[in-house]
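In what follows, structures are represented as structure tokens.
In what follows, chain A forms one complex with chain B and a second complex with chain C.
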Partner chain A sequence: MKRTSLLKRLFILGCGKGRHQLLRTSLFCIFLSLLAGAILLLLLGKNPLEAYTSILQGAGILPKSRYAGRKSQLTDFMSLLNYTTPMVFAALSVAVALKCGIFNICVSGIMVFSGFMATVLVGYSNLDPFLAKILVVLIGALSGALIGILIGYLKHRFNMNEVVVAIMLNYIISYVVSFFIQTRFIDPITRQSVAVGQNARLTLFDHPVGNLKMEIALVFPLALLAVFAIKFMLDRTRFGFELKAVGSNSKASKYAGIHVGKAVVFTMLISGSLAGLAGVSYYLGSNASIQPRVLPSLGFDAIAVALLGNTTPIGSFFASLLVMVFDCGTTYMSSRMQVLREIAALITSILLLFSAIGIFFRNLADRFEQEAEEV
Partner chain B sequence: MENLVEFRHITKRFPGIVANDDISLSVRKGEILAILGENGAGKSTLMSMLFGMYSPDEGEIFVRGKQEEISSPLVANSLNIGMVHQHFMLVENQTITENIIMGIEPKKRKFGLFPVVDLEASHKKVHQLSLHYQLEVNPRDKIEDVPVSTRQRVEILKMLYRNAEILIFDEPTAVLTPQEIESLLQTIKALRDGGKTIILITHKLDEIKRIADRCAILCKGKLVDVLDVATTSVQHMSALMVGRDVSLTLEKEEYERGAEVLRVDKLRVVSPDHICLVDSVSFSVHEGEILAIAGVSGNGQVEIADAIAGLIPIKSGKIMLSGTDITNVSVRKRIEAGMSYIPEDRHAVGLILDFPLRENLCLKRYYRPPYSNERGILQNEAMAELGRSLIEEFDIRTSKGNDTLVRSMSGGNQQKAIIAREINLDSKLIIFVQPTRGLDVGAIESIHLRINKLRSEGKAILLISLELDEIMQLADTILVMYNGKVQTIKKANELTKLQVGEYMMGVHVEKN
Partner chain C sequence: MNTIIIEGLSFSLPLFIIAIGGIYSEGSGITNLALEGLLGFGAFFGGLSYAVLSRTFAGDPTVLIYASLGFAMIGGALLALLHALMCIKFKANQVISGVVINMLSVALTAFLANQINASFFGQPSNKFLLEVFPKATIPLLSNIPILGAVFTDFYTFELIIVAVALFMAYLLYKTPTGMHIRACGDNPHALAAAGGNVQKVRFWSVIASGALAGLGGMCFAYSISTTFSPNIYMGFGYLAIAAYIFGSWKIGPTFLACILFGFARSGGYVLVQKLKLPSSYGDLVLTLPYIVTLVLLLFFSSTNKPPRALGEVYDQAKR
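Moving on to the complex of A and B:
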């Protein structure tokens, strides 16, 4: 009896009503997933504290005891940023759409599409690196926007459910793109598309800085910029107001004279181009080729990440960073602690799982709070 | 007489407000006790505590002489207490029977093995129950297919099915038409005569006068008095309720017809499944005129308003506002052409509940200077300024002013917010649909005064209401709708309330 009431009190403290309820809930979710991960590690006979430390070391947050030549904590951290960049774009894409009441699960499909378009149009050319990189970014955003507009238009014009449309588009894009890759652009050894040229890649690999060699994600500043631009748009602009109004109550928005269809299509344009940027920073950044018939799981993880960030731009950014810390750090942890990579990946999955059920936790806490008041 | 329920020194506080302040009240077995009070007087809170939705901060509740901790509606059910909420709690796509038995489904074993819900027996039981209490329903109908009055009957049957002896009705007549109200009142009386104890939360004085035995009056969370209805005048009750005298009739200036503002010509509206909702309706509204559309709920009145506002497509016809054709222009252009619209459904249409009050008050102006600049950036200070002035002018009561989430405000204050926003647009035409629905006498009076004031300012007013008294009190011209058609359109002084009622029921058919 005493124990359960303690648990409930913990819940109320974590996700109950009051100041910063949303932030506290997210932190509580993270805490719970760390706890669950710790139990898992204990069952395997590993020291969870040591494991978590090594995750942070692997991601470049804490210094490792030893580094290979021309590597340091900074190189680890830069590679973390490199992997985080597409996730930030993808999570923003989901968050913007959700603010307008649209569930965009087409992020993965859009990523493949924009990645493919940029690969084919610029990736194999001999353009000047500066020009090529700018073109890749533009093509990524544009092709993403196209798919976004398509989804928004179908939803608005024919009242089609965006989830169904997105699932179908995911399949269509995945198969059409892999058809072209396998007939035209296949690398017979890797069974993936032929790697794009260094001139078109948005990440500089093994770039010498001082006596170090590091990965530099050139579009990471763009991702940061996007975070603040989206925040500004949602909080301060006329269009952001309309977008949120439509997401909150589309009938009332129509009554107030807001063009609901236009808001939906524009929102999907923004969400789509963000997903497109995620695509090019993934396929022409942290990777260099496209694996046929595989949708990047990053596009789906982004949904949970956006929810963990309470669908706010700033929240999505930090949630992306956190999830990618786990993602990047687990490689080092598995080698250092002799934990299977699958187990290490499981900890990331647990984090994503707990982050997606934050709303449930909040309701649970509200209920416990009511019960507590009544006793 | 035996006291069935007793409240002793009940106090309930919410953040920033004392909803119930040291209330002691007893309910006698077999009576109809009316709880009267303005919006926010604490009626619903008090009854919610009896039904187990809130717990009192101080004080005790005694049921049948025993102190009870009513911690949830389930406990209330086990004490034979039932409640019909103002907003129905029904599952739309299930049948009436399924809704009634939900939670306490009778089970049987098919082939002696698999437990299933015994629907057949339930249908029968619901049918018997509905016959016994003369609450006609077809147990197999789905909730989404039946009208509001039937849904209410389902709610009542739900309580009776659970053997409730104390029945709480929370403003049951707010959503009903005059005829439906009549039959509901008869039902409530019959339930009382059948031995049930009834608590009726309301602010309609005539209903109390007609059926209640006693009346408890709440004002600002305090119990003012408990009166014997038979020996108390309506005026006295309403004075106690609002804490001041209310003039129940309105002083009105003579109507001077000004220029034509709105002209609707042969308007036809067809529903998505091709049913004709509005059938070649024509009328016009002039400056300084209140044109009221009367009719039983669902006879096409609301569709006329929605069509004028551009919210639903029209089949044919023409709509002119101040001489310009607005038949095919966007909602925003219509608003800019000089149209304000107070919609019927405040929650679903009139407000964005999760937006703060400031943004709701600015909902139709946010895109124009000074509320946003030419580059599309919102000017929060200007918005806040507008919010503050409207809150002040229209006496909108909130806990956090401009930043209050509209969802957390009371119904009366939500309506005030909508009216404030619409009047502030300074339009030539103002459409009111059911402006006083679910509001208390004080709020109704202030809205009526405001409509009247707008009229003397020379606004053209289209009023759509189910309350006949409201129409008779305010209208210069009355249009009666029946089955989507205009029954009659006459000067208000040429019609009596009785005649309007007859037109509403389709008794006379005017040829025009």
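Moving on to the complex of A and C:
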């Protein structure tokens, strides 16, 4: 009897049929990319285990050996949550659109737009902090929803390819916002827009808690809420069902009496407003100003993050957390081990590369399984 | 007026060659959003080859400049190999593969450029310095009024691009190979029934698109900043996508679209200078090609015909 090779059995275990196949595939992809990253680190002559440990330490998952004054593992972890918040919104935005069969790569552009609107309308005012923060969130969601509706409408009414529309909008928004920043709101020293006031920021910086100074992302609870709200909508409501139906077969949905156009426009409304929230929590939260002519790479990374999370809300949340652990932890790792900071982006993109071919892995595992049964 | 034409052409032609790359890939049925990453990786590879060769090779530096164009094509083709494998062998979603390859390209070139500069050339930098590309003027033709500007002070890579573009157009529309490529994009099963190999045709089309994008990217690196730096990722790949969609996936109309984009850009810059506006108004000029594309698509999207099998994974069992 021929024994199935170890590699094949590993594959079957990782992505074969059975319970939680999608989850196991994602974990398998993460494992593979960590392996690839480890090989890369070995080639550079570094100890991969030490590198991964220091990434976790930098992100506040594991304790560091010593801390600067008024910092602790908790402050690192809170900072991680602060940077994760926009990514969660952005990944949710992509995931919702993908469920309806729409590929939203306008997240970056929407983020710039909503960030700019909130900055200009509220960021420079001296409103009461409580009111200002609520207004920022509302303006973010609304301006994002506007762009989302525009994309959905153009797709539905004029049959325009949403990817093309989104690419065009990304650049139009980026340049127009850059124009206004450079003519009206430029800070001559940083070459970015003038920083927004503390009253409008969605993150409290150096906020004293006990004897620690930490960053508190005020909208992180909102992000969590959004995760569960989207999950509820997709699984438990009529609209969620229609949305998924249109995503899997728009013609069949039409024959079944679902208003396809309405579903598309509403989906983009939700996706757009989530992207808008990502924008305000990025530009008025973890950052305080907008760099002209730069589309945030976070909006593009979110596509792959949503994919890693199998385009489910809960999955997107954990995928965002994982990617941001890498992102936040690398500064500490690179300073401790003299590895270039860019390696984090590299490992992340390898991870996303693997998750993009998850389907192939699953098919491969199926084939191996069949072979194993035949022998 | 002359500056508009000279500057416009030096922008349009690299864009055009990248767009032809896109037409090859999409014409064969593989969506290619990876053009941005491919052109950047091509420019990286060309820049690296120039940096290495200029330290070891003692001869005429212009030879190196032309050689770097060739290396850029190889670099673009290498990354396109990954896209081809992902889309054809691994059956990944083509749009997602494209986006991921763009990200990978940005991360990989930033990492490698830093690492190579630090470990081999002993300088902390993420750039490779290049020479100024040779320029030429054709004596008689350049004296023609207005149109003469086309033959004045042009980068010699523009000639290479025109030659390559003509060859690629001939290949796509006048040869059996081109027929196979177009059949692959419209009806792969018909090609399979006629005895062609769909996977193979698509594979080589994607590789060709990578090589062309690499060439275009290297020309941008020379003409815009004479360095390779991460600033190469300025969205020219996406602009090329806009150009061929605008040109309805045909090489001729795409050329006109590229010329329009290039002249709108250079014309706008000249206008900003002439009216003595602050340079930030250049940003508004840069939106022109995108707005034009969006508006025109609004009217022509019903007549705009992408290849019929674009983006579909080829499944032999599905007839």
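Quick notes on this one:
Keep in mind that, in the parts below, the second predicted complex is superposed on the first by the 359 of 375 C-alpha atoms of A that agree within 3 Å, B and C clash if a C-alpha of one lies under 4 Å from a C-alpha of the other, contacts with A are read in each partner's own complex, and residues count from 1 in each chain.
The definition used in the following text is that a contact is a pair of C-beta atoms (placed from the backbone, for glycine too) under 8 Å apart; a residue touches a chain by one contact, two chains touch by 3 or more.
This structure is a prediction, so every number in the text was calculated from the model and none was measured.
Superposition of the two structures on chain A shows chain C clashing with chain B.
Using the contact criterion defined above for the overlaid structures, shared-chain residue A:Gln182 touches chain C, although it does not reach chain B. In the superposition on chain A, no contact is made by A:Gln198 with either chain B or chain C.
Of the two partners chain B and chain C, it is C that touches the larger number of chain A residues. In the superposition on chain A, A:Arg236 makes contact with chain B only, while chain C stays out of contact range. Of the two partner chains, neither chain B nor chain C is touched by A:Thr190. When the two structures are aligned on the shared chain, A:Glu342 is found in touch with chain C, with no touch to chain B.
Contacts of A:Asn47 after superposition: neither chain B nor chain C is touched.
Of the two partner chains, chain B is the only one that A:Ser253 touches; chain C does not reach it.
When the two structures are aligned on the shared chain, A:Ser5 is found in touch with neither chain B nor chain C.
Applying the stated contact rule after C-alpha superposition, one finds that A:Leu352 touches chain C and leaves chain B untouched.
After superposing the two complexes on chain A, the stretch of chain C that clashes with chain B is 189-197, out of 81-89, 171-179 or 189-197. Interface residues of chain B, counted against chain A in their complex, comprise 55, 71, 309, 311, 330-332, 334-335, 341, 343, 348-355, 359, 363-364, 366-367, 372, 376-378, 380.
Chain A meets chain C in the complex at residues 44, 103, 105, 154, 158-161, 163-165, 167-172, 175-176, 178-179, 182-183, 292-293, 297, 300-301, 303-304, 307, 340, 342-343, 345-346, 348-350, 352-353, 356-357, 359-360, 363. On the chain A side of its complex with chain B, the touching residues are 236-242, 244-245, 248-249, 251-259, 373-374.
Contact residues of chain C toward chain A in the complex are 33, 86, 89-93, 95-97, 99-104, 106-108, 110-111, 114-115, 118, 235, 238-239, 241-242, 245, 278, 280-281, 283-284, 286-287, 290-291, 293-294, 297-298, 301-302, 306.
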